[in-house]
Each structure stands twice: as structure tokens, then as C-alpha cells.
Amino acid sequence: MIDILQSLIPTVLFFSAPLIFTALGGVFSERSGVVNIGLEGLMVMGAFVGIVFNLTFADVFGSWTPWVSIIVATFIGAIFSIIHAVASVSFRANQVVSGVAINMLALGIGVYLTKQWYGKGQTDMVSEPFFRTDIPILADIPIIGPIFFQGIYVTSYIAIIFAFIAWYVLYRTPFGLRLRAVGEHPMAADTNGINVYRMRYIAVILSGALGGLGGSVFALTIVSNFSHSTIVGQGFMALAAVIFGKWHPLGAMGAALFFGLAQSLSVVSGGIPVLQDVPQVFLLIAPYVLTILALAGFIGRAEAPRANGEPYIKGSR
Amino acid sequence: MDHVIEMLNIRKEFPGIVANDNITVQVKQGEIHALLGENGAGKSTLMNVLFGLYQPEQGEIRVKGEKVNITNPNIANDYGIGMVHQHFMLVEPFTVTQNIILGSEPTTKSGKINIKKAEREIQELSDRYGLKVDPTAKISDISVGMQQRVEILKTLYRGAEVLIFDEPTAVLTPQEINELIEIMRSLIKEGKSIILITHKLKEIMEVCDRCTVIRKGKGIGTVNIKDTTTNELASLMVGREVSFHTEKKKAVPGQTILEIENLLVKDARKVDLVKGLNLEVKAGEIVGIAGVDGNGQSELIEAITGLRKANSGSIKLNNKAITNLNPRKVTESGLGHIPQDRHKYGLVLDYPVAENMVLQTYYKKPYSKATVLNFKEVYDKAESLIKEYDVRTPSASTLARALSGGNQQKAIIGREVDRSPDLLIAAQPTRGLDVGAIEFIHKKLIEERDKGKAILLVSFELDEIMDVSDRIAVMFDGKIVANVTPENTNEQQLGLLMAGSQLSEAGVHNDSE
Amino acid sequence: MTQNNRLFGILVPVISVLLGLLAGAIIMLVSGYSPIEGYAALWNGAFGDAFTIGETIRRITPLILTGLAVAFAFRSGLFNIGAEGQVIVGWLAAVWVGLAVDAPMILHLPLVLIVAMLAGALWGFVPGLLKAKLGVHEVIVTIMMNYIALFITNEIIRNVLTEQETTTEAIPATASLASEWLQTLTFFSRMHYGILVALFAAIIMWFIVQRTTIGYELKAVGFNQHASRYAGMNVSKNIILSMVISGAFAGLAGAMEGVGTYGTISVMSGFTNLGFDGIAVALLGSNNALGVVLAAILFGVLKEGAGQMPTSAGVPTELVDIIIALIIFFVASSYIIRWFLLRFKKEGK
Amino acid sequence: ACGSGSDKEEKESSGDSGSSKEAANEDFSAAMVTDIGGVDDKSFNQSAWEGLQEWGKENGLEKGNGFDYAQSNEKADYIPNLNRLIRDEYDLIFGIGFELKEDLQKVAKQYPDTHFAIVDDTIEADNAVSITFKEHIGSFLVGVAAAQKTETNKLGFVGGVDSPLINKFESGFIAGAKSVNPDIEVEVEYAESFGDPAKGKIIASNMYNNGIDIIYHASGGTGNGVFNEAKDIKQNDPERKIWVIGVDRDQHEEGQIGDHNVTLTSMVKRVDVAVKNVTEQAMNGEFPGGEKLEFGLEEDAINVATTNEDAMTKEIVDSVNEWKEKILNGDVEVPQTHEELKGFIDSL
């Protein structure tokens, strides 16, 4: 059992971390009332920037490169998401449309520039990705240590810490109260003197930052290079986590961890005798079927923030 | 200068309409100033201009004599202007406290919301002005009256000196209205000034000092309440004489149309809301259900109309059991329903007016044949209803969303009455409407009665109940506790019955027994 | 007002496309390519000769259908990200029936198309049912259903339709939409009669949505479920129906590939993207049938033409993705374009 | 290719496009259509392109003029790409990858006077040649190397998509390992994708956790995840002896981590050799139309990389060479399918 956990938990953590970051971004954006189908594109942008920066500056920053890379990717992700903010907040674009465009645009730009800069469709492998580490002290705790604190990525724990920070920000600070108010009833917020547009801009930019972070963490922990197939569907899984988690930061984190667990189980169970004879296809679809069952069984109805997806037009009723 | 607020020659246009055309309002320090006008006259618009939600095309605003430029609600707040909106501006999943502090939250040093401090401050305010609220309750769980008190607290919390109330009483029960009037008086005593928008002339006469009348976007003038009468106000507002008492012949009840026996309805949490209710409505009579909001009226109606499951008991329409049939079947059994919440139930706001006019009949000939819609028929019908019911809309293809509340209501009433149902349920049919529209609707209801239809009227307005009903059933705690006739009772007694007193205590004799 | 609206309805997309192409030209210039060569290549790639025109039409065909699928669901307030999975199962079903059944064309081909629609409909039914009965958000369920479709289809190809092969045999001519005549006409492009099916589907969609009580109910449910219930509509039924019809359109798109373009189905190592592109097509076409057809044409032309750009002008094909994305942004932000147009008009007066 | 405009009018009838070509060696031209992987996939597309480039260089040609490629971004692109090259009058057109099989088959029938070649699959047409490789043999040999190297007697195989082609790799690998030591266990996992590094990483993580010390991957981009995981473990514990065996190309570079390299060896498939070889034959008027060429050890088209000299000790290399001999001699019949593998193991 402990053996299984020991091989399960670390994979769950590294698989989930990028989803957690990105889903948190989705939570911010959607809590403020801006639907963000563009998470996939934000991740693509993050992965692209993370890898390119890493390749270019590995010599300069040495072992700090991956850290600087994800910070830069976060930053560029934030800037990139301004497009979504401008379109859906200021220009009253249909937010789903704008999100879909973000997805196409990010992939287009990423691969176009890759070809432009590297003369080929995919970059080389980075020399400074993230590596697993043991967390000092904690790793030595018996049983718990090996399961949770040995051979893990620091980024995984950062993701979990971020989820708690996001929860605190959203549910305990004035900023969070305002942000949620804007997503529930923008006109009420407006009459209370809250600048609805500014809040939504901030929320979308936060989602860009976190999406960029998620994408770069994915690229630098799992893939090591960038191509058109680096991010395929992770952003949509993150979106699913946002909804699965009922637009709550901790819920989204839980959902992302659940996806990671289901994925890992489908691989690990191949090695478990009882499950060995189960046809491969059932293991392959298991994570997705489990998610549906979980939703149908005990998660059930999730109410989106009331004003999610509605452009706020001052003075309309 | 004793004017706290002056709005001079204000003009505000919306695409295709001039909502405010050169209107002037001057509010004195410490007065309650009424703003009166028909539905769509431009009252809310004018107040939204004052509150900084809209920018006027022309005109100027002065606060205490000083010319100001109010470009957003924050600035209005800074000038001590607070507004309680016609449609509440409350975030439902938030608590009372969260709603009140939203936008000016007290924080601890670490940047966390200081919820304790906020709750304390709110408690103080609420004690001082007699605004009873539960600071930790969620908005979605509290009554409409309390929601309104939250709105008022919101303005006070921000230190408002001038409070704008946009139709505050439209959604309140008689008791709550009395409470509100008390609250307004205590606010004035504390040195505040109030602008009150209402359609209820009685209230204006009772509490206001002066009244500015607006008609179709234009200012008609300001009168001193002391020097005027309700009739004068009404004719100023609509530009003609209005009669308040609805003329009607004596009812000639026929056979029983609606028969409810031992009806029991629970809500999702398994709490009984309607507790073994019995009720009968005959052809050719209007039965009014009087009662304080929250005594099971909505659930009763929803159970009859098939929108909610009845847990036991029976409902018969035209001697046919309709208990727990789906809404379509119930409608087809001869029911018309003017719902309480017109935005939620009554209309598909994003459909054109015309398509809303066939919401109950679209699947029938001549509006459709073999599932294919016949738009010509739909629009012909709509045009004729629009004319007959005086629905003011640019065209039949205008989205229902664009209509004013009163006109939306007229559209619904037209649609439901036109089908000529055997039983017409009218839930709060005149809520938020001006006297002209109310008069019109009352006339329609009585016309239907005279055609031999059964009418069930649910209203929190005792005036309306007394005026229109042939028979009054008082509902309290999920049951009909008394059956009386308007001739044999008065508002005083009804009020007591609605509060749960026994018939004998209230000194009324029960007509049905 | 309405006249103005109609004018804008035409002007906004046209301006958006022009702006998108302009942006593309600027990007080419900045990256050191010749925009003229680039766009000439694009044009040739899409319309250069009968072959490319045939291929362009072929590419447009399934896009129309997935666009309709997504648009249809949108009409009742549902977001069907699952068109992708519905395409895959439709494709599988079409090829399966194509191979398994032996019948004259007049029966076989309709049967193939119907079964493909049923398969897509089934894949739409599951999220529809869960949404209607349990309130489970359709976006997650459809995303999950995509993966399930992919893996199950691969398994069936490998173990049921073939013996551990990656591609099935080709379907017989009786089940095929392909036509010698069309192919000869277009120098062996894979253009097939599916385009007629797709256009017919667009008319059906328009008719259902705009002219029938079914559409009236679906839209009403999309706008306001409470009012729909009040009006006696069965909200659950309409939600399910909407997803089922949406799925059927997508399933038909799969059939276009299965019995039109390829005549086979192969193990897929990733998604076809037809369903995801359908989202963009639907939105670009503002969820109405004619719009979807036009958007699919634009999409198909740009994507097909893009293939010629690297060989003829050295420009990476991704430039077209960027251009399409920008066009979508511009159309979506039509508010601002309208605003500019209005100002322009005012000043002109 | 820029001249395609003027070609258009002439290409009406497919008949005369290639009629006079056989003789005209001077302006012989060849081109290829990649599969979705793209020309820089660090795998067979890239390798094929390298072969074509080398041939071009030897004949003084340049890209776009004498040889070229057309990149496919999705399955639907194959036909247009093939046609584009046909219209540009290339004499020999390669389709790289089994995914192009059906489309190439179709086109070959439509244009009987153009020469075609498919890599990694077979098609039936007189104007087309099928190029396949004896991957099972290469896989067998890396299996032998792995069996020599393993300390845990547990090996892993990560496949891309479960298909006859990848089964060939799997079967050869298991046969090779078991030939050396029948007690060796090989765990097989298919990621069901050639582009899912996350899955690759989870599988690898799980395998290394379960005591497997060498993983052979035949999974394209999914393999990135395998390398990533191995390097990660190595980075943390340089003493840990774990390895990856690369595929198609020498994946030495992918295995580099600091001063270590986790790439034990790679099963190198010289698509370039085959492409160049066939192109030269065609240029010399000896196009092997209709034939099914199977490239292997003899042609130097299948190799076992020995770049990682520290890891591939002399003993291992010797052992690999020994088995190579046996195969060349016909002493060993390497299985290509699951069926054959069963028989093979039973016979051990």
C-alpha cells in the first residue's frame, strides 16, 4: 500500500501542479464574471515563453534558470491576457469567442515564432528544467516523508500554497470581496463605487499570469521543449477543474488533484495484479469516466457566478 | 441656501427616447420630497443621473448650492448622496455585512477584512435608526423587507445625508410599509433629506412635504403636499381625471371552478409551507388572498399552476383533478397565470414582444401547424394585443427587455386574459405600476369576472384586495384562516387577521361558515 | 435601426477580415517575408486550380457541420465543447456501418449517415441528460466525453474493425459520398457530395431554429428556464434534445470524413480538431446557420490556402492561425467597430 | 515551386506529366511529404529529409529546386501536399510514415507516371515502392543490450499507439532481452499517443519506481516524458543506474544531464539511407517500382547506437554484435508480432 502511495502521490503532484496554477487563474477570471475558455492558450504562451527563455538564458542564470523562466512566463502570460481583457471587458466581445481566439492566437504565435527563431517546428530540449528534490527535514519523517516529501517538485507545493493564498485573497480580503461581487452582480458593485472594469481587468490579467505560470511549469517539469503539441488539452482540463471545483480555489485544486490521481491510477493499476487483466482501454478512459461519475454522483449542480460571461455595460438594465 | 440638492434642466437621452427632458427638481434640507410620475416617466433615470450612474446630456446639478459633476457613484457618495434602487443592488450569495461594507471595507492591519468591526458598526447603525437586520445572514435567505433595510444601511454606512428611495414600498407588505415610514421619519429627525419615488399617492400624502411631478420625461411642477389632494396629484401625473375606486357590479357566483382540499406543500428542505389548505373559487367571482408575504402564498400558486409539487391533498379545476400535472396540462385545463415575478417567470426578456405574446399558445393553431411557426399570425395577434392592452412599445419586434416594468406587465396580462381561461390567477398584478395602469388592470380583472370567469387575486396591498375582491380569504401560516367579504371588514381587521389573530378576536364574522 | 443593423451585419465581418489580413501582412513584413508572395500563395493554395478548389470545398464541408453543432447547442444556452468527440464517434459509426452492411446505395448511404448522426447524438445525449437531470455542467462532461470517444474508437478500430491494424479497409462504393465525377472534375481532389449534405443541414438548422416550435422552445429554454417552465415547456427534454441534435450534426461531420473524404477510419493519436474549430466557426458565424456557412468557408479557405504558404513563400502556416484568431477578435469586438463606424458616419454627415 | 503558376495549364492530363522523365536524369527531382510529426521531428521525417538533402547536395541541387518537402499539419493535408508536389512535377515523391499509406495508394493510382515511395508501410502499385525497416531486429539488439545492462532484470517498454508497427518494436525488444536471459521481465505500456509527454513521464516514473531500470521507448514525443523522468531521477541521485533506450535516431543528446547521460543506446533507423538509396536508383532509371524493400542490418539502415561509450561497454557491444551475426546468418528468426513472440519465447 505504502509502496503504491509512494509511486502514486509524486506523480499526482507533478501532473496536477500546472493544472492547479491554471485553474486558479480560471477561478479569478470567472469569479469576476469573465469566462475564460482561453486557459489553454494562456498555457501555450507560458510554455513557449518558459522554454524559449530557458534555452536562451540558461548560461546566464545557471540553476536559477527555471525559476526565472517561470517568472518571465508569468509576466508575459499576464501581458498576453490583456488581449482577452480588452476584448471581453472593454469591447464587450462574447467572452467565449474571445477565449477561443486566444487559444488559436497563442498557438499560432508560439509555433510561428519557434519556426522563425529556430528554423524548425520544435525547440531543442532545455538544459535547465525543474528537477525533483527532497524537502529538507520533512522528507525524513517516516512513512509521510517518502510519500509526500521525497522526489517531488517544489513547484507542486507552490501550486498548493497558491491555492490557499487564492482562497485567502478571494474570501478574506476587500479585493476578493469586490472581485466576487463584480462577478455576481456588477451593477451592485458599481453602485457601491467599485470600478467593475478595473476589477475585471485585474482578474483576467491574474488568470493570464497564472495560466502562463501553469504552462511554463508544465513545460519545464514534464516536456522540456516546445512544439505545437506541448500543450494539448491541459488548459481544457484546467477549465474542467474550475467548474468541477465550483469556482472555488480549493475546489479547483481538489479537482486538479483528482485528475492527477485518476491519470496516475490508470497507469499504476497496470502494475496491480487484480487490474492487470482489465483491457487497456478501460484504464485509458477511467480518468474521464471517473470524473463524470464523480460529478454525477456527489458533486452535482454547480452554480456559476451569476454574471459570468456577461459583459458589463454601464447603465444598461 | 436651504436646498441640499438641485437638479436644473436635466436632459438625458437613450437611443430613440428622451427619458428626461429639461427636468428641474430642488430638494430642501430635511424634507421628504416625492417624485411622482407614470411608469416610464423617467423618475429612475433622473435619480440615476443624480447618483452618477448616468451622465446627463444637459443641465446641472448642485449640492448645497455648489455646482458639482457627479461622474460615478463614488463621487455621489462623497457628496453624501445614497440611493436605494428600485431593483435591489444586493449580491445574493453574500452576507448582509458583506453587502453593506462592499467597496468600503474595514480591514485589519494585515489587510484582512475586519468583519467583527463591520458587524459592530452595522449593529450600531441598525439600533440607531431602528433598521432590524441580521448581519450574518445571507441575502438569499432573508425577506424582501430586510433586504431593503440592508440597502438603507448601505447608504447610511457610507454616511449619506441625502437618501434616494426608488419605489421602496412596491415590494413591501403593509406592516413593512409602516415600518419604513417610521424609519424615514427617524432619518429626517437625524437631519437627513429624502427623495422618495412612489406610485402610492396615499404614502405621499402621509409622509412627504413636497412633490415634483414628471410626465413623459418632462417636469410638470412641484407642489406642496399640504396644499393638494390625491386627486389633484393623480391628474397632474397622468394628465386626466383618474378614479380610485373601481366601479363594479355585484358578483353573481356560478359553479365552482377551483377546488382545493387539504393541500400540503413542502419546500426542498422538507419544511411545510402550505399546511392543509382548503379553498374554493367560483365562476364569476374574484377571490382575494390577503396575507403577509411568506405565509405560503407563492407556494400555493406554484402548486396550483404545476410549478411546484404538491405533497398531498387535491386540486380540482372544472371538476377535473389537476394535482401535480405539469404546467402545460394545467394551463390547458383552463388556467391563466399572471406570475408574481414577471422577469423570472412572466417573460422571455430576450424574445421580441410578439413572441412573448404567444408564450402559452405558440404550439397551437393558428400560431403553428405541425411544429412550423406562422409568424404572420403571431405578429397579427401581438399587434392586436398591444393595441387592446395599451402596451407602449416601439414595435412588436422590440425585445421585451426594452419595455418599462408597467408595459411588461400589461403585455403579460394581455396574453393571459386574452386566452380567456376559466380561472385566472393574478399574483401581485399591479406591483410597481402607476395609478393609470392599476386602474386599467383592475378594470380588466372585473371585466373577466363579469364574463363569468373565476379570478384568484393574490396581493399584499390591502387597498387592492378590498377594492377588487368579491370575497377575501386571509392566509396565515400556510392556511386560510378566515373568509370575509369586503363589505363586512376593514383594513384594520384584515391586518389583525393577517397577523394571526383569531376571527373572534378580530371581531369579524366568517362569511363562508 | 434595423437597416443600420443589417448594414453593420455585413460591414463588421468584412472589415474584420480585412483588418485580419492587414495584420497578417504586417507580421509577414516584420518577419522578412513578402506579403504579396505570401497572399498569392494563400490564394493559389485555396483557389489556384480545380484541384485546390475541390480540396477547399472538401475542407469546408465538415467545418460547416461542426459549426452548426456548436451553434445549435449555443442557441439553447449550452456550450458543446464535445463536438470533437461526437465527430469521432460519428466517423467510426459511419465507417462501421459502411463496412458491416451490404445494401444498395439508395439504402446504404442514408443508413450510414443516419447511424453516424445517431452515434453523435448519443454522445451528446449523455452530457445533455446529466445536465438536465443532475445539473452537471455540460462543459466538463463534453470535454471528458471527447477523450472517451477517442480511446474507445481506437480500441474498436484495432480489435473489432480490424485485427490489430491501424486503419480499416475502405468502405464500399454503396456507402460512399465520394464521386468519380467530382474527382475527375477537380483533378482527383477528394471533394465529395458531402458539401450538399452540409448545406442541407444548414438549411435544416435554420428552419428548426427560426421557424419551428422546437426552435422556439430551445431558444426560450436557453434564455430563461423559469419562464420556459411557466410556459409549459419541458426544460429537461429541451436541454437533452438540444444536445442530441447538436451531437447529430457533429456526428454527420464525422460521416463526411468517414465516407466522404477518407473512406476509412484510422487509429488516432490525437483529436481531429474539427470539433474545436467548429467552436470558432459557430462563434464567428454568430450562431446562425448562414453565418456558420460563411464562417466555415472563410475558415476552410484560409486553412487550405495556408498549406501552400511554406512551399511557395516560405511563410509558416501558423500565420494563418494568427490571422484567423485576429479576425475572430475583431468580429467579437464588433461593438468597437460599430462605434467607429457610427462616429465616421456622423462626421461624414 | 514558385513556378507552379505556369505549370498549371499543362497539368490537365496526368498522362504526360511524367512520360518523358525516365530518360532525363539531368533534371531528375525528388520530394517528400512529411506526416504530422513534421520535418524536424527528430525522428523519421527528419531523417528522411536528411537523406534527401544529402542526395541533393551530392547532385548539386538546392531546396525548392530539385528536391523539397511538404509539411503536413494534419491528416487532411496529405492529399493536397502530394498533389502539390505532383503538380510541381517531381519525379519521385516519398510519403513518410504509415499514416500516408491510403492517400499515397490513391494518388499512385491516379498518377501512374509519377514514381512514389512510402516509408514504413507497404502499398500495391507498379509505380510505387514500399520501404520498410527491420525495426524488430534493431529492437531485438537493443533488447540484448538492455538484458546485459539491467541489474534488476526488469525492463520497460513504452509504446506510442498500439499498432502493428509499434508491436514490431515491442516484440523484437522482448525477444532480444529474453534471448539473453529468459527470466527478465518486460513491462509494456502504451500511452495511446505519440505526443503526450505527461503520460510518458507518469509511466516512466511508475516503471522506475517498480524497480525497472531500463526503458525502451518507441513513442515519439511521448518519449520526451520518459527522458525527462530518467534525467530527473539521475539529477537527484547520480548513482542510481537507470537508462532509457532511444528510438529512430540516436537520442544521445536527449539523455544528457550534467556529466551523465541516461541514454544507454538507441535503435537507429536510417530512413535517410533508404531514401537516398531509392532516390539514386530512381535517378539512374532503376526505380524498383512495385517492390517491397525491407531495409535492415545488411543495408546499414538499422543500427544500434554506441555513442554512450561509458554505458555501452565492450562486453555489451560484443554481445550485440554476436547476436547480429546470428541474425544475419539466419540462426535467429526475430519475431515481429505478438503471435510470433509467443512462439519465440516458448521455443527458448
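Each chain carries a letter (A, B, C and D) given by its place in the written order, and its residues are counted from 1.
Everything that follows uses one rule, which is that a contact is a pair of C-beta atoms (placed from the backbone, for glycine too) under 8 Å apart; a residue touches a chain by one contact, two chains touch by 3 or more.
Here is each chain with its UniProt name: A, C = ABC transporter permease; B = ABC transporter ATP-binding protein.
Keep in mind the model is a prediction, meaning the values are calculated, not measured.
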Query raised in the report: Measuring centre to centre with C-alpha atoms, which chain is farthest from subunit D?
Result: B
Query raised in the report: If you tally the C-beta contacts, which comes out ahead, A-B or C-D?
Result: C-D
**Report entry** Mean-CA-position distance for subunit B and subunit A (Å)
**Finding:** 46
Report task. Just give me the whole-number Å value for how far the CA centre of subunit C lies from that of subunit D. Result -> 35
Report task. Compute the distance, rounded to whole Å, between the mean C-alpha positions of subunit A and subunit C. Result -> 28
Query raised in the report: Roughly how many whole angstrom separate the Cα centroids of subunit B and subunit D?
Result: 76
**Report entry** Residue numbers of subunit A (touch at least two other chains)
**Finding:** 229, 232, 280, 284
Report summary line: Expected list for subunit C, residues touching two or more other chains, is 151, 154, 270
Report summary line: Touching pairs here come out as A-B, A-C, A-D, B-C, C-D
Requested in this report: Quick one: which bits of subunit A touch subunit C in the complex? Just the residue numbers, please.
Outcome: 83, 86-88, 90-94, 96-98, 100-105, 107-109, 111-112, 115-116, 229, 232-233, 236-237, 239-240, 243-244, 279-281, 284-285, 287-289, 291-292, 295-296, 299-302, 304
Report task. Using the touch definition up top, name the residues of subunit C that touch subunit B in the complex. Result -> 1, 211-214, 216, 219-220, 223-224, 226-234
Requested in this report: Provide the residue numbers of subunit A that touch subunit B in the complex, in ascending order.
Outcome: 172-174, 177-178, 180-181, 184-185, 187-194, 306, 314-315, 317
Query raised in the report: What does subunit A use to touch subunit D in their complex?
Result: 6-7, 10-11, 14-15, 120-122, 125, 127, 129, 131-134, 151, 218, 221-225, 227-230, 232, 234, 263-264, 267-268, 270-271, 280, 284
Report summary line: The subunit C residues in contact with subunit D across the complex are 44-45, 48-49, 51-52, 55, 59, 151, 154, 158, 164-167, 170, 187-190, 261-264, 266-267, 269-270, 272-273, 304, 307-308, 310-312, 317
